[in-house]
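The structure appears right after this line, and notes come after that.
Letters are used for the chains, namely A, B and C, taken in the order the chains are written, and counting of residues starts over at 1 for each.
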Amino acid sequence: MTPNLTPKPLSRRTLLKQAAGVTAGASLGMPAIAQSKPFAGLKLRGAAYQHGFFNHLRKYIPEFEAATGMTVDLQLSAFPVYNQQADLELSSGGSSWDFCNVTFILAARWISAGLLTNLDDFTGDRKLTPASWNPDDFVKGAQVPYTDKDGKTFGYSWEGGAMLMGISRMDLMKKRGLSVPKTFDDLMKVADGIHGQQDVTGFVSSNLHHWFLPPYIHGFGGDIFASPPNDIRPTLDSSAAVQAVDYYSRLLSKYSPQGVLGYTEDQARAALIGGRSNIFIHSSSWVTSMLTSPDSKVKETALVTRMPTGPRGDFPASNSQGLGIPKNAKNKEAAWAFIQWALSPELSARIVKDTGHASICRRSIIESAEYKRLNTINGQDIGKLYLDVLQQPAVGRNYMAYRTVKEFPLMGDVVNKAVERVVSGQMPAAESMRVAQEAALSSLRRSGAKV
Amino acid sequence: MASVSYESQRSRFARQAIAPSLLFLVLVAGLPTLFLIITSLTPGALVNPGSLTDFSDPFRNYTLLLSDERFKGSLWVQARLSLYTVTLQVLIGTSMALLVHAGQGRWQSLRHLFVIPMVLPPIVVAVIWKLIYTPDISPIYHAAKAMGIVLPSLTTHVDFALWAIVIADTWEWAPFTFLMVLASLQTLPTEYVEAARMDGADSLGVFWHIVLPYIAPVLLVCTLFRVIDSIKAFPLIFLLTGGGPGSVTEVTNYYAYLVAFNFGELGYSSAITVVLLSLTVLISWAAMRASRTTQSIE
Amino acid sequence: MKKHIIFWAVPLLLILMLTPFLWLLQMSFKPTPLILEFPPQLIFTPTLEHYVGLWKDGFPESFVNSLITSTASTALALLLGIPAAYALSRWSGRGKFGLGLGILLTRMAPPIAFTIPFFLAYRWLGLLDTRTGLILIYMTFNLPLVIWMMQPFFDAVPASLEEAALMDGAGFPTVFAEIVMPVASAGIAATAILCFLYAWNDFFFALILTRTDARTAPVAVVNFMNYEGWEWGKIAAGGSLVMAPVLAFSLLVRRYLVSGLTAGAVKG
C-alpha cells in the first residue's frame, strides 16, 4: 500500500495561527524572522523571591508562552529563603534553574566566582536580541552590581531601589511648625518633634541595617571598606562609622516603634502607610506606596522627597535586583528569550501603565511623558526623584562600590549585629563597632581575603 | 541438645535480621559522620572549588575556633538556654503531674490533651509564639496597652530575648516531663504514702521523703534527654529572633547553620558541628547509663 | 475546699496551656478584618477563605511532598528496623550496650551534623530537592526509633513460644512472621505513627535539602511569613493544616508517646 504523500492542505486556520504567532512574537520584541513557536515543548524553570513585580509578570506570561511554545515555571520564595537557596544552588553549580533573580547583596559574590552566564553573548547576537532592545537603556547606577571589572554584564535589572524619604504625616509636621528635614541634624529634630504626637512614632525602619546604615556612614565621611573594590580592608571602627551607627541607632531606639529591630520591610511600610510612623527612608517602591497603595491611610498627607544630606555629602543608597542565567543552566537561549521579553521596553512600558509598578530601570521609559504622567502623584514627580537617585552612583564617585565586593555578605551580617547591639542597649556605638571591626577582619581572613 | 541448636538458629537469624539495618545505618549515619570530621579538616567553602579537598592545614578550623569570640559566646548562650529551659520544663512538668495525679482518676483521660504542644511541628510552635510576641498583633500586647502598660518587645530586647525563647520552649516540652513523671507516679504504691501519713507526715513531708526519691530516677533521665534535645533548638530561634538582638540568642547550633548555609563555609561549620556532636555524645552516654540504672531499679 | 481547688485546677491548667494553640486555630477561621482587631471577638462567623487561598497558593504540592516522604520513610524504617529490633532483643553476645549507644546517638545528634555531609553528597549525586533525598535522610532518625521502640515488644515475647513452634519443625523466618510479629503488632502500629510524626515535623532537613520541587509543608508555611502583606489568616491556616495530621495521629498513639519520645528509654 503506497503511503499517502499528498501534504495536508494548509487550512486557513493554521495560516492565521502562524501569522498570529509571528506578529505576537514581533510585538513582544522578538525578532520577526524567528519561526513561530521556536521553543515548542520546552519547560523553562526559574526562581525569584516574592515581590509584586513577579506577580504582575505572571499575568503576562501566558502571552509569552503562547508566542514561544514553552511553558514557564516561575517559583517564588520568601526573600531570605530564596537568597539562601539561590546561594547554595549556584555555589553548588546546580542546573535546576534556567533563570533566576540575582539579589544585589549576592551579585558580586556570584559574578566573581563565575557562577553566572555572561549575557553579552546574547545581547550582542542580533539573531537573539534586536537592536531595539538596547542594553544601554538600563540606568547605569542600576547595572553596576551586574558588571564585572572588565565591563561584562551578568544580569539585567528589573527593579531599581533608589533610596528616598517618605513622610506620612505632613499635617502633623505643619501643626508643629516643622519643615522637611534637609540635613541629618534636621532629621533628628523632626523625629523628636513628631514622636509621641497622636501615637505616631517619629521614625521607622526594618532589620536590613546593612542597607539602611551605609548612607549615614558615607554622609559622615566614612565607608564600609577602605577603598572598594580594590582595598577591602574594613573601616567599621572609623570615627565616621561610629558616628553614623550612633546616629542611626538613636533614630531606632528613641523614635521608632517598639520591636523595630524585628521589623521586616513590610511591617515598616505598614506602619508608614497606616500613619503610625512619620518617616521611613527606603527604596522608592516602599515609600511611594503611601501614595499608591489601596491600604494607605495617608494619601493626602504624604510627601516623597530626597533623604537628608550628611555633613560630608549626599549619598542616598541605590541598588537593584536583576535577572540572570546560572552558569550551568540547561536552556540558556530559552532563558534569554524570557529575560529579554520580561525586560523589553514594550513590556516594561505596559507594566508601568497597567499596574503602576514604577521601579523599572529603563531610562527611556522613566523619562517618557507617559511615565511622568503616571508617576506624578499629588503634584510630586516621583519619577524624577527615582531617576536622580538611581543614577547618582554613576555620576560622581561610585559610593555604592562597597556592594560590588564579593565579601560584602559577610560584612552585611557584621553590620547588622553591630547595629542591633547598640539599639538594644548592649554596647555603646564605639565599642560595638570595635567588636564589629574585629569580627569583620577575622571573617574576611577566614574566607581567604588578604586584609 | 535441642535448646542449644535453637540458640544457634536464633543467633543466625538474628545476625541476618540485623545486618541490613546495620549496613543502612553505617551508610546513612556512620559515613556522613566520618565525612563531617573529614570536611572539618578543610577550609571548604562552596564558592572556592577545590577547597573541599584541601588538607594542607588540617587543624586550621579548630585553631580558629579557639579565638572565635562568636563561637565561644554561642556556647555560653547554649549553656544558659539549656539550663533555664530544662529547669523550667522539669519543674513545671513535675508540678503538672503532681496536680493531675492528686486530682484522682477523674482527669486521667485529659492528660493526653496535655500532649498537644509537644507533638505539634516545631515550626508551627514557632509561628504560634511569633504571633504572641509581635507587638503589633499580639492580643497580650493589646491587652497590656488597654490597661495602660507598655510591654517591651521581648524578642528584640537584650534582657528578655533569651527568656522569650525559654518560655516558648518550655510551653512546647513541659508535657514531656509531665507524661514521664505522671507515668512514674501512677506506679507509686499507695501503701508507702499511707504509711507515711500514719506516721504523722504532712503533704510536704510525703512529697519530700516518699514521692521525690521515687520519681528521682525518672527526673534524671528526663533532664538528660531534654538537655540533649535543647542543643538542637532551631525553629524557635530561626523564626523568633534570628539569633538576635546581636547574638544574645545565637546558640551554637544556629551559628553552625549560619556559617554553613548563609556564608557557605562548610569546612568551618563542620568543625563547629564536630564540637557540638562531641558534647552530645558525652551527654547521651550519660543518659544511657542513667536510664539503664533506672530500668534495673524497676 | 482544697480538694475542690485541686480538682478544678487541672482543666483550668489545660485550657491555659492550650490557649496559644487554640488561638492559632481560631485565627485560621476568622475573616481577615477581624483578625487584628482588639478586643478580639471570640464569637464570629467562621470562614474558609484562608484555607481556600492556601490551596491556590501552591500549598497542596508541599502537603503531598510531606505525605509521601513521611509515609515512605516510615515504611522503609519499619521494613529494616523490625527484624533488627528482634535481633537486638535476642542478642546474647557482647556489644549490646555499644550498639544501643550508637543507635541512640544517631537519634540524638543535632541535624546539622548530617545535613552538611548529606548536602555535599546530594549535590554530587543529584539528590538535592528530591523526595528520595529526604526519605533517605529521614532514616537517620526513623530507623533507630523503630529499633529502640520495637525491642521491648519483642523482649515481651517469651522464647518458649518460639521454641514450641520450632519443635514443630517450622523454620525461623516462619516463626518470626507468624508467631512473634502478631504479638507485637500493637507496638508496630504505635511505632509507625511515631515515625510518621517525626518525619512530618521535620523542618531543618527540608529547609536545606529542598528548593521548590520537594518542599514539604513545614517549610512552605515559612514562605507565608515573609510575603508582602503578612497574611495572618493564611499563616494561621497553614499552621493549622500542617499540624492536623500529627495531632490526630498522636492522640491515637498517646499510650506509647513517652516510650517513643525517649527512644524507649522509659516506658510510658
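What we mean here is this: contacts are C-beta pairs under 8 Å (C-beta built on N, C-alpha and C of every residue); 3 or more make two chains touch, one makes a residue touch a chain.
These numbers come from a predicted model, not from an experiment.
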- More contacting C-beta pairs: A-C or B-C? B-C
- Message: Can you tell me which chain lies farthest from chain C, using the average of the Cα atoms as each chain's centre?
- Response: A
- Message: Can you compute the centre-to-centre distance for chain A and chain C, using the mean CA position of each chain? Integer Å is fine.
- Response: 40
- With chain centres taken as the means of their Cα atoms, state the distance from chain B to chain C in Å. 16
- Interface hub residues of chain A, defined as touching at least two other chains: 88, 92, 267, 270
- In chain B, the residues touching two or more other chains are 136, 261
- Residues of chain C that touch at least two other chains are 119, 208, 219, 222, 225
- Note which residues of chain B are touching chain C in the complex, please. 2-3, 6-7, 9-18, 20-22, 24-25, 28-29, 31-33, 35-36, 39, 52, 96, 99-100, 102-104, 106-107, 110, 112-124, 127-132, 136-137, 139, 142-143, 146, 171, 174, 176, 179-180, 183, 218, 221-222, 225, 228-229, 231-232, 234-235, 239, 253, 256-257, 260-261, 266, 269-270, 273, 276-277, 280-281, 284-285, 287-288, 291-292, 294-295
- Residue ranges of chain C in contact with chain A within the complex: 119, 123, 128-129, 207-208, 211-213, 219, 222-230
- Residues of chain A defined as touching chain B within the complex: 84, 87-88, 91-92, 109, 113, 115, 207, 257-262, 267, 270, 409-410, 413, 417, 420-421, 423-426, 435, 438-439, 442-443, 446-448
- Item | Contact set on chain C toward chain B in their complex | 6-7, 9-11, 13-14, 17-18, 20-21, 23-24, 27, 35-36, 38-40, 80-81, 83-84, 86-88, 90-93, 97, 100-106, 108-121, 136-137, 139-140, 143-144, 147, 159, 162-163, 166-167, 172-173, 176, 197, 200-201, 203-204, 208, 218-219, 221-222, 225, 232, 235-236, 239, 242-243, 246-247, 250-251, 254, 257-258, 261-262, 265-268
- Task: State the interface residues of chain B toward chain A in the complex, per the touch definition above.
- Result: 43, 45-48, 64, 67-70, 134-136, 150, 152-153, 155-158, 241-242, 244-248, 258, 261-265, 268
